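Below is one structure; the comments refer to it alone.
Going in written order, the chains are labelled A, B, C and D, and every chain counts its residues from 1.
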Amino acid sequence: MSDLEAFREEARAWLESNGPTSMHLPIPESEVVWGGRQEAFSNPDSRVWLERVSEQGWTVPTWPKEYGGAGLSKAEERVLTEEWRRARCRPALMSFGISMLGPVLLEYASEEQKREHLPKIARGEIRWCQGYSEPDFGSDLAGLQTKAVLVDDEYVVNGQKIWTSYADKSDWIFCLVRTDPAASKHDGISFLLFDMASPGVSVAPIQLISGSSPFSQTFFEDVRVPKANLVGTLNGGWTIAKRLLQHERAMISQMGLGLAGSSNQSIDALAKEYVGTENGQIEDSILRDRIAQHMMDNECYGTSLRRSMEEAKAGQGPGAASSMFKFYGTELNKQRYELLVSVLGTQGLGWEGEGFSEHELKTTREWLRSKGNSIEGGTSEIQLNIIAKRVLGLPD
Amino acid sequence: MSLVLTEEQELLRDTAREFVREQAPVAALRKLRDAEDPIGFSRELWSEMANLGWSGIIFPEEYGGAGLGYAELGVVMEELGRTLVANPMMSTVLLAGNAIALGGNETQKKDVLPSVCSGERLLAFAHQEGSRHQPYRVTTTAERDTDGYRISGEKTFVLDGHIADQLVVVARTSGELRDREGLTLFLVDVNADGISRTRTSMVDSRGYANIKLTNVSVERSAIVGDVDLGANVVDVVLDRATAALSAEMLGGFTEAFERTLTYLQTRVQFGAPIGSFQALKHRAAIMFCEIELSRSIVLDTLRAIDEDRDDVPSRVSTAKARCSDSYHLIGNEAVQMHGGIGVTDEEEIGFFLKRARVSQQTLGDAAYHRRRFASLRGF
Amino acid sequence: MSDLEAFREEARAWLESNGPTSMHLPIPESEVVWGGRQEAFSNPDSRVWLERVSEQGWTVPTWPKEYGGAGLSKAEERVLTEEWRRARCRPALMSFGISMLGPVLLEYASEEQKREHLPKIARGEIRWCQGYSEPDFGSDLAGLQTKAVLVDDEYVVNGQKIWTSYADKSDWIFCLVRTDPAASKHDGISFLLFDMASPGVSVAPIQLISGSSPFSQTFFEDVRVPKANLVGTLNGGWTIAKRLLQHERAMISQMGLGLAGSSNQSIDALAKEYVGTENGQIEDSILRDRIAQHMMDNECYGTSLRRSMEEAKAGQGPGAASSMFKFYGTELNKQRYELLVSVLGTQGLGWEGEGFSEHELKTTREWLRSKGNSIEGGTSEIQLNIIAKRVLGLPD
Amino acid sequence: MSLVLTEEQELLRDTAREFVREQAPVAALRKLRDAEDPIGFSRELWSEMANLGWSGIIFPEEYGGAGLGYAELGVVMEELGRTLVANPMMSTVLLAGNAIALGGNETQKKDVLPSVCSGERLLAFAHQEGSRHQPYRVTTTAERDTDGYRISGEKTFVLDGHIADQLVVVARTSGELRDREGLTLFLVDVNADGISRTRTSMVDSRGYANIKLTNVSVERSAIVGDVDLGANVVDVVLDRATAALSAEMLGGFTEAFERTLTYLQTRVQFGAPIGSFQALKHRAAIMFCEIELSRSIVLDTLRAIDEDRDDVPSRVSTAKARCSDSYHLIGNEAVQMHGGIGVTDEEEIGFFLKRARVSQQTLGDAAYHRRRFASLRGF
């Protein structure tokens, strides 16, 4: 038996004996664990599950053991993912620390910073948010104006961020600040970590058209940050910032796959129910055609993600692929919700209250929420710019 | 009839534009929404609109109307669409009111229309069942009774159904589920026994209701038009209401586009207004073309009704299909081009996206009207 | 009876008694009269028809009588068009002189130039071609490099034009030349007229993907042009050039209407024949939907052209409307041919010879030819630029 | 099976690319076209391709083939697509050859396949009737006769039908016009009495024929596979040929795109390369994404065949629909972005547009395959 097969058996056995039935899929939104000081573990089993999984190092399986990981190879990680899916276990922890910050800390942070922050991310003790965009600098991120001035071994931070995801629920922030106003715009930026509980930090949630408020405006007034919290070199933060954006895009790309979503039913099944059938076919042939096209596109997208992973493993693949996946995945997700609303007809346009099922109302809200997908994490236009420049080599 | 507005129509437009900007900006809709207003629009505003003659714009003067045409109605609808004014024009005037005006007898007209024109009485057209527009797909039944009829069934998506004083109910008196023949219209008081109404709260913040009718007794005098031949009235009513809705949509996406243009001209990124970036320029220019074509077909459709032309049905379907597609495109592009601010509730552009989607679905979406067009043209 | 109605009766009577049956529609391509020295009048009746019509001044009805027109008002012209259509008479003359050059001569030329050129255009004696694009200056028309240098009261022209429509069949050319190489690019251009029979002019036809060769490359080697052939002011030719382009776009815009085309059958009738029907509907419901959409778009386009004319009459309307019509009309025409090819299936992809009807082969060729519509007369991209700048006021 | 090419596959690709660039650039197709070559491709080139093992790439070694898989075939097809090589792979190998390989008996295989692999024998698949791909819509009949069958009917759009030595004819032996059951395949010599062939000249300059069969007598031994159950063979043959065609198309639009990129980088207007204009950049970036997705599905579809997976039919339809749409988009965009030069016969980009349209139509267009996908998925 190969080592990989041995690992598979081990993982399978562990999941079987340690994964409580209450921690099986599906997972209601209210029970998703994001960790951090405010985490309430609305289902108490999820606290136990997080403890057990992080004990194994499996919240971040490929990270080194000393930072809270399990030191798995990519191949082992794939096996683990497969077994996880097979066992229908829930993810123990959702975290920007894991998907965005961790990878850049591993690449750019000092040993001391790694030992300080990575284990807490792995165990879900600290929840992180992202201090990137500012009101006047969205697509033009590198124009950011939040300032950090070194005074007595501390950076004093002043400025304002926007689109900070879950700022109100996060413990720490990774934040882009301008440390050299005289330098050209990409060369005066630093990458700073600090506690959201620091004096001078305040947060104002932003309500979206969907009614939800996952983002905030975040204000910094003379926030004092220890010098040691600078990641990488002073004024060298843009390199780290860009790398982190790649990780963010990769995370967002997954959306295009139309994962479980709000519905257990696929679009075609919903169409059969809402629109009706004739000889077993969806009665509205135009809708049928559009659904087929969407499903095909979705499957091609999934196959492309797979190919991209295999190519990365083989050391090939376009470096800017994350922009393609970000662009296409979010456009697909928007299309998916347009299609769902078309399928549900007037039942897909309810806002709240009587006359609509929970699933219908959720679809409406998610349709509206999806409009932000092609804006957050770098607009579709920015992704197309990146592809044109970095992949296709078209001139400025 | 020329597609250029006459001086009188221009005057009407200017009056309407000024009125809605001052009395009913998008902020007014937000206020109604946030207050969870039980009516969903302002009755005071409706009174003022009635005073301006809008509630009776298409009805003959003998019933208190202004006796004008659809060209004039369209001018008003477009302006109402520009600021997304919640109002009972569709429900009370264009759907149920028109059913009385076009199908009702003299007694019914004299009873109903003057109080509609004065803005006092509100009506609703209880027609759709289920989640999509299928005009002849009616399961609600009206069965003969000694004195009249008993109506039972469930109606959905009834515009202003929660607040109307009277309903025009489309029921089946004979025939099969999808037959054109066998439909009959009834004028029913909402307080009649057996009627239960549920207001549904929808994304465009306007008022709709689901209405359940359980053995609702009506007398023969409640019949609007001829028994079993209701489709003759329904077809004309729907065509006219759809033309008016298209005009409202035209106003909506024209406004959304103009707001987006302003944003493109003023929002600076990378040291330049984002409207200087060619990719956005081209998309804006394409939208402009779509709007121009939409405006042409809306104007001509309204005039086709006024001229009683044979091509009204196919023009109406062309207008609605095109306005649905244009509003869809522009609603989405407007939000995307506004960037992050575009998906916030605070920015008004999102209201247009929401109204776009509901109006697309109302009275048949683009695919429905393309199918109808093809059938009308015999392919 | 109003004057207009009197004119209608007059026109109707004239057409009835002067329009020979052989000059009724439809008109085979081989019998279209373009005029000029090379015109062969393949149908001899067409020579008589041209003579009669131009005698009336009706080849250019709104031009003043002294220049070969009939001095009609716009309203009278519309009546004449209506009666022409009613009588099913063929146009007597197709001509770039009428549709493009004439209007700018009327606006910008000297009295002497008008008297010299306009009557010959009206009578179809001289056929004109357009010397605008150059190999390196297509979209960037104003960059043109063909030079004209004044030597002894003559301009000596050297350079090369491309996309000269029917250069090989034309008698004269209206040509953009650079007369001041030192000035900024828009300010050194002049508008020159000269005889294609002048020594130093040579022509090489260009074969298109459709197999036809309506365009040529045109070479000028020390071509001597009398000074009097300059239209407007020296170095002031760009204004004239742009105005002429508007007339060109207006001419091309008509294509979107899907006028008679090669087929007497409408797309829906062809679809019924080639694809088949079910309950009277085109069997392929996706194709049916696309055809409906195209027909609707086409009708909206036609209504828009009508509105534009009415607005122009009322003194309203966007000045750059010709760009919208050029863009949309040519895109519609391309779409129309894509749809026709889809309808004909593999029968719509024949090149020549057996196995295909004449109509099928013609459709294929016209489908290919239509690809040039969104390039010639200013690309779609250029039209969108113009709309964005001139109509929408978006910044550079 | 990984979607990344193995070292062997990369080697095969490099060989193929070099071969077609040198031996069969687009100029070769132009030459065949201008010479009105009666065959439509170069028999010498086909011999060389046979020597390279391509003609037998998917056939077992015992019949003279290379015994490789569709992943390898796809690599070759993609390169053939890049320079639009006119060749009999589809007709002789993937359609008719495969019908023998998958449905034929030992005698037939031993007779046909070795000479196919050697490049000597050419085959054609006489299947389509009328102007569109409808696999079970077969009117050509094969009626029982004392000695065998008599076949009558008219076949259209038969790839290389004008030059083939033998035909595999799909005929109806029972059932109704569109029935899946009742089809039977026959291996017929082109010199048989009653066969008349007309070469049709099409826009992509490849060779096709209309074939008329009038009481063509064949013996029972001509039957390929089982009587009335021919669809079992046809389905598999079509799936495999469609996958291979998709790979060829992928090569075609990848090449058209790369040529366009080069043009964007080098053509200067307004003092800058036109590829610096953002509107063109974005359109190029969108095309890039479409190509990447197309590549993924083509690679996976070929591997699905090699792995004999259950999802082969739905993958094939996904690949063909997507490649049809991509080739359509890129063919048109490539010409438009080349501007005036793009519509001249002298510039090669137009050859891609022409091939795009024919390959879209071949073996079912995008709408056909979306319908098929929906049926396969049960909606």
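The definition used in the following text is that a contact is a pair of C-beta atoms (placed from the backbone, for glycine too) under 8 Å apart; a residue touches a chain by one contact, two chains touch by 3 or more.
Note that the structure is a prediction, hence the values are computed from the model and not measured.
Student: Does A-B or A-C have the larger number of C-beta pairs in contact?
Tutor: More C-beta contacts join the chains of A-B.
Student: Based on mean C-alpha positions, I'd like to know which chain lies farthest from chain C.
Tutor: A
Student: What is the distance in Å between the mean C-alpha positions of chain A and chain B?
Tutor: 41
Student: Indicate the whole-number Å distance between the mean C-alpha point of chain B and the mean C-alpha point of chain D.
Tutor: 52
Student: Report, in whole Å, the distance between the mean C-alpha point of chain A and the mean C-alpha point of chain C.
Tutor: Whole-Å distance between the two chain centres: 56.
Student: Could you grab the centroid distance between chain A and chain D? Build each centroid from C-alpha atoms only and quote it in angstrom.
Tutor: Once rounded, the distance between the two centres reads 43 Å.
Student: Multi-chain contacts in chain C: which residues touch at least two other chains?
Tutor: Those would be 286, 289, 381, 384.
Student: Could you list which residues of chain D touch at least two other chains?
Tutor: Those would be 277-282, 367, 370-371.
Student: List the residues on chain C that touch chain B in their complex, please.
Tutor: Residues in contact with chain B: 268-269, 271-272, 277, 280-282, 288-289, 291-293, 295-297, 299-301, 303-304, 306-307, 310-311, 313-314, 316, 324, 327-328, 381, 383-385, 387-389, 391-396.
Student: For chain D, which residues are in contact with chain A within the complex?
Tutor: By the definition above, chain D touches chain A via 2-4, 261, 264-265, 272-273, 275-276, 278, 280-282, 284-286, 288-289, 292-297, 299-300, 317-318, 321-322, 367, 370-371, 373-375, 377-379.
Student: Would you pull the chain A residues touching chain B in the complex into a rising list?
Tutor: 133, 136-140, 143, 162-163, 206-211, 274-275, 284, 286-287, 334, 341-342, 344-356, 364, 368, 371-372, 374-376, 379-381, 384
Student: Can you list the residues on chain A that touch chain C in the complex?
Tutor: Residues in contact with chain C: 285-286, 289.
Student: Once bound in the complex, which stretches of chain D touch chain B?
Tutor: On the chain D side, the touching residues are 277-279, 281-282.
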